[in-house]
Amino acid sequence: MTGSMSKHERLPPKLNAAEMEAFLEREFPQVFGSRKMFHVEAVDHRFARMRCRYDPRQLRPGGTISGPTMMTLADTGLYVAILASIGPVALAVTTNLNINFLRKPDQKDLLAECRLVKLGKRLAVGEVSIWSEGEEEDLVAHATGTYSIPPER
Amino acid sequence: MTGSMSKHERLPPKLNAAEMEAFLEREFPQVFGSRKMFHVEAVDHRFARMRCRYDPRQLRPGGTISGPTMMTLADTGLYVAILASIGPVALAVTTNLNINFLRKPDQKDLLAECRLVKLGKRLAVGEVSIWSEGEEEDLVAHATGTYSIPPER
Amino acid sequence: MTGSMSKHERLPPKLNAAEMEAFLEREFPQVFGSRKMFHVEAVDHRFARMRCRYDPRQLRPGGTISGPTMMTLADTGLYVAILASIGPVALAVTTNLNINFLRKPDQKDLLAECRLVKLGKRLAVGEVSIWSEGEEEDLVAHATGTYSIPPER
Amino acid sequence: MTGSMSKHERLPPKLNAAEMEAFLEREFPQVFGSRKMFHVEAVDHRFARMRCRYDPRQLRPGGTISGPTMMTLADTGLYVAILASIGPVALAVTTNLNINFLRKPDQKDLLAECRLVKLGKRLAVGEVSIWSEGEEEDLVAHATGTYSIPPER
């Protein structure tokens, strides 16, 4: 009757996964262009699930997917979770990223689930779990990231 | 028939919450002694839930529970989750702690849920969510910690 | 002749070490009170050197100074370096602390050198090296911290 | 007369900058290959200075060098500092990387100085300062990284 929304009411995402990919391809052609590695599998309010395609060109000696690729996956996924929550208008800027590498990934796609633990007006903080496809119980990396959200214009 | 255990079969905790508190009071009298602030509420394999009693002596200017108190809560809780998983024999050593402070806590008890995202033979990594009692949706801090587990003697 | 100051001209500290200790004892009696562990040895623009007195009450099993004590030392030292740079008016708030524990400290005082790598209007970031007295070449811990500086009133 | 070496005696690097680049081009052709962005400018025991060439292809919206590029620069530089110290035999593995982004880089090359704060038999920890060429006083990013060094074969 009041129409007021609780702070934690389930909100729909501002863009769905297909809209998000179209936005990313347009804005970040280097990362999401023709031979893109990173795919948005699902988005929701404060959430994104990403896929990083296994690509032998990314391999380090010893055959693992590189650490920088996983850092990029974590950073991109949190950025997508923020856009899914506040829409594609604002330009969030990463201020901190912390990543723990837990074990050597397999020669498979990586999946990442990205959740915002805080979504304020000026600051968003999230955490990311990364695993090799089919091995969700045995994470290959875990990251947290902090983002500054510029004031609305 | 095989008796083999899957790596991720649900295991019981090696100590229950009461046994854990008794162990901690004996081993860490400075932290878990007579006027102790930190309490073990629940433990499970790879998990601990901790309570930090609101205590005006810990207050900083402006009335918040201090950052160092929350760091200690996160570190202690992950230590408890490791002991719950591998038993009280080994002495795990913190090698890294990273904490994001998300908002000012209320003048209430803090609760912390601590989950291990990796439990290897030599290394354990976990994450901690901290909130003011009754406000689980609005975290006051989020931490990750890394622990070195010495080889068995 | 111009009177303009370069951004990185050497500035004097806004408080000297004695003024800083008096301020801290008044504002943080729990930490800097009668039996205080933490001492301000020197301050400068964007810099503080702190001492943590060896105190057997702080010992963990195995005889080391506790991780939380070192986290508090790092956090307090960066806070002092900020106050030394901007004066005691504003209330800086820790938003992130990341600490690596490198080796077991000796049963001696700890010294910490705290340097700001960024001092903006709204954000300060610093790093801390911690060692056992007389062993500066062999750090026991290294930390970085991020602080939010509220707008001036 | 004793011939004993102090633990902190100045040691020469195990490879010089040119040998290091040749090693990296051979082992990491994806990163240090024909159109390589990252260059080893100088190495010493526990130290590396790296250059990241300004390359418009790396730009994000708004024109800055991307966060992932700076993470890769930090990670690669610490890896080079470890190789410079222990030689190209062992394969160090990144276990943690924490990076603070301090301001938007200019449209210039980035320089990074990478110093090991610990170099143990099994663990190395280092810190990295990154700035736009000519603006060493105003860091664009600061990182710390932790590396696991496998036992010698």
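When the chains are written out, they are named A, B, C and D in that same order, and each has its own residue count from 1.
Convention: a residue touches a chain if its C-beta (ideal position, glycine included) is under 8 Å from a C-beta of that chain, and two chains touch if they have at least 3 such contacts.
In this text, all values refer to a predicted model and were calculated from it rather than measured experimentally.
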- Message: A-C versus A-D: which interface comes out with more C-beta contact pairs?
- Response: A-D
- Message: Report the inter-centroid distance (CA atoms only) between chain A and chain D in whole Å.
- Response: 26
- Query: When the centre of a chain is set as the mean of its C-alpha atoms, what distance in Å lies between chain A and chain C?
  - Reply: 34
- Distance from chain D to chain C - Cα centre to Cα centre, in angstrom: 27
- Where in chain C do residues touch two or more other chains at once? 95-96, 98, 100, 146
- Task: Name the graph shape formed by the protein chains and their touching pairs; answer line, ring, star, complete or other.
- Result: complete
- Query: What residues on chain A touch chain D, complex-wise?
  - Reply: 27-28, 30, 57-62, 67-68, 71-72, 75, 91, 93-101
- Query: For chain A, which residues count as touching chain B in their complex?
  - Reply: 7-8, 96, 98, 100, 102-103, 117-118, 120, 125, 127, 129, 137-139, 142, 144, 146
- Within the complex, which stretch of chain B touches chain D? 95-96, 98, 123, 146
